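Read from first to last, the chains carry the letters A, B and C; within each, the first residue is number 1.
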Amino acid sequence: MNYEISLLTTMAISVMFALSLNLITGFCGQISLGHAAFQGVGAYAAALLAKAGWPFLATLPVSMLLAGALGVIVGLASLRVRADFLAITTMGVVFLFVGVVRQQDVLGGELGISGIPDHGLGKAGFMVVALLACAAVAALSVYIKRTWMGRVFNGIAEDEDTMRVLSIDVPRYKLAAFALGTALAGLSGAFYAYHLQFIGADNFGFVESITVLSMVVFGGIGSVPGVVIAAALLSVLPAWFQVIGDYKLLVYGGLLFLMMRFSPGGMAALARRFFNPVTPQGGRT
Amino acid sequence: MLFVELIAQGLVQGSIYALIALGLTLVYGLLRILHVAHAALFTLGAYVGVLACNASGSLTVAFVCAALVAGLAGVTMYRLAYQPLLAQPPFVALIASIGLFIAAEEAFRIVFGAQGLSFSDPPLQGQVTLGSALQFKQAEIMVMVGTAVIIGVLAWLQTRTRVGVACQATVSDPQMAESFGISLRQVRDINFFVGSALAGFAGVWVALLNNLVEPTMGSVPSYKALAIIVLGGLGSIPGTLAASLVLGVVEAFGTIYLGQLLDRNAIAFAFLIAVLMIRPQGLFARR
Amino acid sequence: MTRPDKPQPLLVVDGVTVRFGGLVAIDNVSFEVREGELLGLIGPNGAGKTTMLRAITGVARPAQGQVLLDGESLNGQPIHQRIRRGLSLSQQLVKPLRGITLEENVALAAAKAKTVRPLRALLHVSSADELAQARRELERVGIAALAGQSPATQPLGVLKRLEMARALALGPRLLLLDEPLAGLNSKEAHALADTIADINRQGVTVVLIEHNLGEVLRICQRLVVLDNGRKIGEGEPRAVMADPVVRTAYLGGDTVEAKHA
């Protein structure tokens, strides 16, 4: 039973993380190649606070705040650069994060932070809280889509120049997306730290950033159910397919490639084609 | 003399970056796609080069094979992955590229093993002394010379031959180029071939410098190459070259002076971000 | 020279020059738009009319000169801010949002008050009012029947009217229309021109770019003529059209060096 509980917790954390990126990329159209840095900020914040004696639940808001604050800074910086450069700038952010953290002994240096105190909820209790948090993030995502913020985000993702002519303060909305998305990434980071009880800078690098991005794209950018399912599946893919074992990354890379090649709208697009065999509109989810 | 040594080191490293970044900038200038899988061609060239050299004993054969194989592989990537996705939003090609990249690195690991390959009799390992105290490995000098020669040839080709001019035109304005009868497909094939061949070429050089080829060797240089093409002005060959060398030197100095604060890779990106904040269009932007 | 009894013009274009690379698209053009008028901005193809509208809305930045709204310079103000101050643009190159229906497109503009800040937008879910307003605007331009359809399958004439409905839904003081009649047959064009005149009578100042000179002459109160980026004529429609310089620009084959009117 312990193994399954741990697996479900991992899934919940990954889904939370993926949904947070979906807010930025899926709703607002900003490709971020450095999202893991924000999860890392949340994780390190929680780890350090935990070691200082803070109770688990108290670390959550701090993790979110710090991650969101960094998100706003990065967001402001990214507004200055051209759209094509945004992806690479975000890539730079995550390399910077790893690079800085690894050199600071107070943050554990190259060895990271180990022996993170227990959350006191027990394995099953922690899983439940993680699942609840994950559900809350999903609910928030769905809610946002139904509000005017969601409609504006959709417009920005499709054609931001037109949105400006429609009186929308595009930079401000992009910042809002960044702030929300990175704060929620920080939340997933806090759970991550308590779940593994050990973190290192390399857990939040470029590879992890493109992994979570692939989950979002695989599920279907912007689609909440799609991203939830994709993240849940892909995060435990290595565990489920022991038989693939040695070839798991090969399968992962191949799946990504094939999905993009044959259904760029991800699983959500596949589902729509399956349940609704009329000619779909091209482009946006 | 530390100063001069650092510059020299930086130029060597910068030459390697230039070879990789050139291919990337050619692709980005054409297609606006972040060709992450370019890294795999670098590694492929390294493997092919080492195998060819060990089999034939000749470094020249190694270079030729590496360039050819990498070039062809690059064109294949274009035909298989990018061409069908041209009509889609750019992130689609990016993720497809990432998928290819991950799969390729794994394929290398599975086929060649994780330990890595080495030259059975590494050439160009002798020492060369320049000036009063600069010591280089022969291979290091050759990298710089080789890169300079290649860039020179490429620049000449781009401005003096019909093919080269066609490539330039296609980068600036594809529709207009097409209306002048330039075959976009041909131009793209050529650009991918040349760019990928360069990456393969660079792979062999790095194999020479480290006497080791392993599956993940392509990642880090390629990430930095992505930063370089932004710094250098997308699609600009002279800009990319300049940015590569600058980055190599900045890294060399940065590792010494900023090593307490940042590790080596972070220095490259810190530089990138700092530049973009001051000049959002990059160091050598043309537009 | 200020005349205290004359009300301040709503919009002033003052010595505006716009360059694209080496090309001068607009060359030192000045004119006024008075509150409540229906001004036609005409000229042969490539005269710079669309660029002029873009300079006013802020899509294009003038190399020299300025645009003033209510006496205040708009230089440096971002597009969305100019729109919130009362400008509204219906573009020549129509770009509806393809993922949503026609009425949802217009509703997005109608939601101007709710979308001013992300936080406020987050707190508002209902779109009933905006959809109702959207239908009214679509009705005004004559395409209410297509409200629930996707823009992806509509002909140009419908999309142009969608553009206009969207621009109207923003509740503008100054409406900039870039070739709203293009793609319409003569009956539809006549009807839409009447609608534009109605909108103007209801208090909206309109600047209209149009090639359909018949309708322009019918509804516009004043004309400004551009050719090759320069202003070559201005004034009452019939007088302007009788001006030999203007006639040559339109009917002559080659470019004539135009004198400023």
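In this text, contacts are C-beta pairs under 8 Å (C-beta built on N, C-alpha and C of every residue); 3 or more make two chains touch, one makes a residue touch a chain.
Predicted model only: the values in this text are computed from it and were never measured.
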Per-chain Cα centroid nearest the overall protein Cα centroid belongs to chain A
The chain whose C-alpha centroid lies farthest from that of chain C is chain B
Separation of the C-alpha centres, chain A versus chain C, in whole Å, is 42
Distance between the CA centroids of chain B and chain C (whole Å) is 49
Between chain A and chain B, the Cα-mean centres are separated in Å by 30
Where chain B touches two or more other chains at once, the residues are none
Expected list for chain A, residues touching two or more other chains, is 283
The residues of chain A that touch chain B in their complex are 25, 31, 77, 80-82, 84-85, 87-89, 91-93, 95-96, 98-100, 102-103, 206, 210, 213-214, 217, 221, 246-247, 249-250, 252-261, 264, 283
In the complex, the residues of chain A that touch chain C are 144, 146-149, 151-152, 154-155, 158-159, 161-162, 164-170, 172-173, 175-176, 281, 283-285
As the complex stands, chain C meets chain A at residues 57, 59, 78-81, 83-84, 89, 91, 95, 97-100, 104, 108-109, 111-112, 114-119, 121-125, 127, 150, 152, 166, 170
Interface with chain A, chain B side, in the complex: residues 32, 34, 81, 84-85, 88-96, 98-107, 110, 223, 226-227, 230, 234, 259-270, 272-273, 276-277, 280-282
